[in-house]
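Look at the two complexes coming up: chain A is in both, with chain B in one and chain C in the other.
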Partner chain A sequence: MAGTRRAEEEYDYLFKVVLIGDSGVGKSNLLSRFTRNEFCLESKSTIGVEFATRTLHVEGKIIKAQIWDTAGQERYRAITSAYYRGALGAVLVYDVSKPTTFDNISRWLKELRDHADANIRIMLVGNKTDLKHLRAVATDDAHKFAEAEGLSYIETSALEATNVEEAFQLILGDIYRAISKKPVASDEGGAGAAGGVKEGKTINVAAGDANSEKKQCCST
Partner chain B sequence: MDKKKAVDDTEPGPAPSRPVDRFGFIKPEQGTSPDGISKSKSIHERERERDGRRIKKWRKMIGVGGSDWKHYVRRNPHVVKRRIRKGIPDCLRGLVWQLISGSRDLLLMNPGVYETLVIYETSASELEIIRDISRTFPSHIFFQQRHGPGQRSLYNVLKAYSVYDRDVGYVQGMGFLAGLLLLYMSEEDAFWLLVALLKGAVHAPMEGLYQAGLPLVQQYLYQFEKLVLEQMPQLGQHFIEEMINPSMYASQWFITVFSYSFPFHLTVRVWDVFLYEGIKVVFQVGLALLRFCHDELVKLPFEKLLHAFRNFPEEATDPDVLLPIAFTFKVSSRLEELEKEYQKKLEGSNASTSTKRSHPLKLKTMSRIGSRALSNFTNSEK
Partner chain C sequence: MDEEYDVIVLGTGLKECIISGLLSVDGLKVLHMDRNDYYGGESTSLNLTKLWKRFKGNETAPEHLGVSKEYNVDMVPKFMMANGALVRVLIHTSVTKYLNFKAVDGSFVYNNGKIHKVPATDVEALKSNLMGLFEKRRARKFFIYVQDYEEDDPKSHEGLDLHKVTTREVISKYGLEDDTVDFIGHALALHRDDNYLDEPAIDTVKRMKLYAESLARFQGGSPYIYPLYGLAELPQAFARLSAVYGGTYMLNKAECKVEFDENGKAYGVTSEGETAKCKKVVCDPSYLPDKVKKVGRVARAICIMKHPIPDTKDSHSVQIILPKKQLKRKSDMYVFCCSYAHNVAPKGKFIAFVSTEAEADKPEIELKPGIDLLGPVEETFFDIYDRYEPTNTADEDNCFVTNSYDATTHFETTVKDVLALYSKITGKELDLSVDLNAASAAESEAA
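Moving on to the complex of A and B:
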């Protein structure tokens, strides 16, 4: 388990990022393409949360991305929304061949506004561009939407490994510029949650917190 | 990779006969070391011999079609418990699971209900279910063929359940339960076993695993975290320092009762015990995994811990190693106390919203639920 430990632990910044979006849009495969250059045709639906990291160069800095991949089904937000806290970036994925997954983007944005730090950087990703003949969400529409909402935007194909690298470069660069512009102290979320954590640990969330905190969600 | 080449070079024909293990899962392409292969072979043979002797004993215990079962259990509950812990012979598993879960009784009390749910009712979750069908046990031959019998029956069971209990509907994770059951029994039997579990025919109901807010998942995680701290203080402390909480690794253990990512021969052994003794075995097995890897885990930092939780060593997932460790943890009464503690905590932090505490339903009520689903159907049709 040790191995090349030293080398991989040297980085300038550690950024926590969450992958969210409707179920089946390809979040897990985007992650595996980015972190292991793998794509699995026979992948299982994600239950709960999964985790992976990759260290890469962004704008001359070595940045380690800690990425939380979340189950997309609405009911799982009871668990997954706890992971938004302390995240510096969110990769919000839809499937270009499934309009409903794009229509739901605004609900995901609301979800982030409710649970994530206010200055979280958000990138909209239209995945599955390889399904050319099935495309149902126009690049233009998504682009306009992203602009109006102040999100960065890119289209990817995890299957063909198109733009995946670029997508993560984009969000990580975005986070880097955001945190290097403004002083870290300005956030009330506290404990460095909104700043890049230099040579340290990320901020993680306790299950207990998830229970005791936001209780306004459930309706019966 | 050598083996894989031989398969890959052939044309992708209509029926690619990829090698499968004894449970029907397609073998990973030479992923394991040669060591691993010979080892699993010897495990295989050992189990087969043992099974031969066991099957005889079990057949006696069950009687024809389960006719002697209840009588035997009443007279020798401890023998039954011991034998189940050693593993139910695979060829009798489906039948025994139905007997110990109470699902056989439900089936008999609700003739025709399943068929009605499948054929006449429509479910709001249909699209969600379809989306996940090919993502449930994708490496098992029974579920591989698109729209094949495996996928169709999985869809039917999940759809039927989503109609039967519209509160729960369909939630990701249920498919792994249903899929596992379908490898051992018919659609209708699998459906009633799912009902027996979620509505609580024998043990406490588990529908809270899937209801809005996933209340039971949250409770189990709370209990599990406390148990880790109490049973393995050093490791528990280490988790706290590394900011590891159980939702990061154990939610899928509970949500799918170890059917999501563990070797199948372990999964079925856990299910043998789970169906007879209840959810506590999931806690015990979880604790046993941590205990087995304890000395390694206490040394690992945050990220390596998360990796380790998804990659337990092969020895750790050998049921004959893991289960004996699991049974050394006596957790029943502590689990009850922790449940009360958790409920109190919830009520304290959340006085207004009532979290329904569900109690095991009696079988009578179960059949009423069945007929309610039916009458719903007839009303809406009129």
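Moving on to the complex of A and C:
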């Protein structure tokens, strides 16, 4: 990705991962829990959230995960096709207490297939497992759906920090194993965007602007 | 949607998205809607399926052209001046973090039946066939004058008040030939007609300086840069900026109807039976046809090819300027080419555009000089579209209508329109002067 500088910290690969799913399923809190170990109880639609990064080890490699949030554009189905550019992984999130959000996963899958690279790794996440008495989507049903569609699957609670770490390890591992299988020329700083940048090189229009992430509103 | 906003923006073209982004950053509550299910409006980039649907109706694109979604065909082809106003806006808003750019390989000018590279270096200038040897010396003196000119430094003016003397007067002082004047005016200052000759020289000098600065910025083969995946990435980037600052986005909203009160002031927008209220409406011309007038037409050809344009040294991206004097018309013609190297087409494919201000009704005939430069073409689409300007007074109706895109091959006029509109809407000026220096300084530190 343009603007990424190796000097910040050493890593072997930079992976862009996008979060998608209905409004209110907890995408932003999954992101803030994973990258900053924060959870925000206010249920506002996503505002001020960009993308966040975290570096971790996956199968012996140092992976810098760059995880993008929707900025609230999914609320009225207005996510840009640009959002999916270069994404190596997608985290499809639904709320286990709201069947509609699971029913809409098929539509989000279609959006991914229309706009994202054909080889993108996709993980299905059922969030809000802390709402035990309100559960409305059975684990088995979601698991069957994921198997049928070829997705990884895990359930999480961003509020209780249950399985959040495991979820991102899962998708990043999927991505790493996928790119390890095929011989791709690595750009500086790791695998380039899916499809890659062809002849010539991208130029940095605004050096020094990289990674100016916004702060979240509260923390545990 | 039954809610209240400060501003409702209709149409997700580049101008509307920049406005939306700027207003959201200012803290205004913005609702942005488009009748299409994609971003970009008239300035979008289409995949192959959508391109075919738009120009060929119900036919299906031939298989040999490749995968539909690998195409991002610009409907308003332009390059960005590397030191130009749009880059300043991108840096000012930090929208660059959503985008990737490449330098454009070359800029060419059509002269006496051939294309010539617009010199990118002193050495190229000396080798170029565009000027004879003695003319090169005269031109060099003029270029040095332009290069050294600083508005704040009277000594650099050499006795000429460029705000008063015309371009013609300055040029005659340096004794330049007509062909050189034509080259400078159209290939460097990027004028589309010859009105500039009788206007104060300051505009032309500034444009020449912009060209030189843009050329030096990334030291590519031309003064232009271009985003990977096509120009529709630009409105989408500004839309994301707006959303990050709280802007609400809705696509696929049929029949966005602006509502007016008894005093003729806009107070909201109705779509699908719901009305959102607002203090101001910003839109592209198509949403308020009663408040715009036709000011011209652009003729355009879009061509899919499997080779670079001949005589461009296998460039993956080029601009070719065909000055009007060479073609005996009123306006310049432009050829713009990008390719799979910019992720706007599948591997091995090139997309070329020929456009000009329309002076006739048949683009096939009118655009022929540009199309003849392309070599063999796999597919061609022709189009003429109208250009509009607003006729309303925003103070009276709270409507702020953008101008249509012109045939220029860069975004300077686009940003000028946007900044003027932003000032009208907010009552304040956007200061973009500091940012580029800061960015350059940051770049120096990083080096």
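The rule we apply is simple: the second predicted complex is superposed on the first by the 164 of 220 C-alpha atoms of A that agree within 3 Å, B and C clash if a C-alpha of one lies under 4 Å from a C-alpha of the other, contacts with A are read in each partner's own complex, and residues count from 1 in each chain.
Please note the rule applied: a residue touches a chain if its C-beta (ideal position, glycine included) is under 8 Å from a C-beta of that chain, and two chains touch if they have at least 3 such contacts.
Because the structure is predicted, anything quoted here is derived from the model rather than measured.
Within the superposed three-chain model, A:139 lies out of touch with both chain B and chain C [touch as defined at top]. Of the two partner chains, chain C is the only one that A:85 touches; chain B does not reach it. Contact with chain B, but none with chain C, is seen for A:24 once the two complexes are overlaid on the shared chain. Of the two partner chains placed by superposition, A:37 touches none, neither chain B nor chain C.
When the two structures are aligned on the shared chain, A:76 is found in touch with chain B and with chain C. Legend: residue contacts after superposition of the two complexes on their common chain; A:106 is shown touching neither chain B nor chain C. Judged by the touch definition given at the top, the superposed model places A:66 against chain B, while chain C stays out of reach. In the superposition on chain A, A:53 makes contact with chain B only, not with chain C. When both complexes are aligned on chain A by C-alpha atoms, chain A residues 1, 47-50, 71, 73, 75-76, 78, 82, 201-208, 210, 212 touch chain B in the first and chain C in the second.
Of all residues in chain B, those touching chain A in their complex are 128, 131-132, 135-139, 171-173, 175-176, 210, 212-214, 217-218, 221-222, 225, 243-248, 251-252, 255-256, 260-261, 296, 300, 302-304, 306-308, 310, 345-346, 349-350, 353, 356. Every residue of chain A that touches chain C in the complex is listed here, in rising order: 1-3, 5, 47-50, 70-73, 75-78, 80-83, 85, 114-115, 193, 195, 197-210, 212, 214.
Residues 1, 23-24, 42-51, 53, 66, 71, 73, 75-76, 78-79, 82, 201-208, 210-212, 215, 217-220 of chain A touch chain B in their complex. Interface residues of chain C facing chain A in the complex, by the touch rule stated above, are 38-39, 69, 87, 90-91, 94, 96-103, 105, 218, 220, 225, 228-229, 232-233, 236-237, 239-240, 243-246, 248-252, 316, 340-341, 343, 347, 439, 442-443, 445-446.
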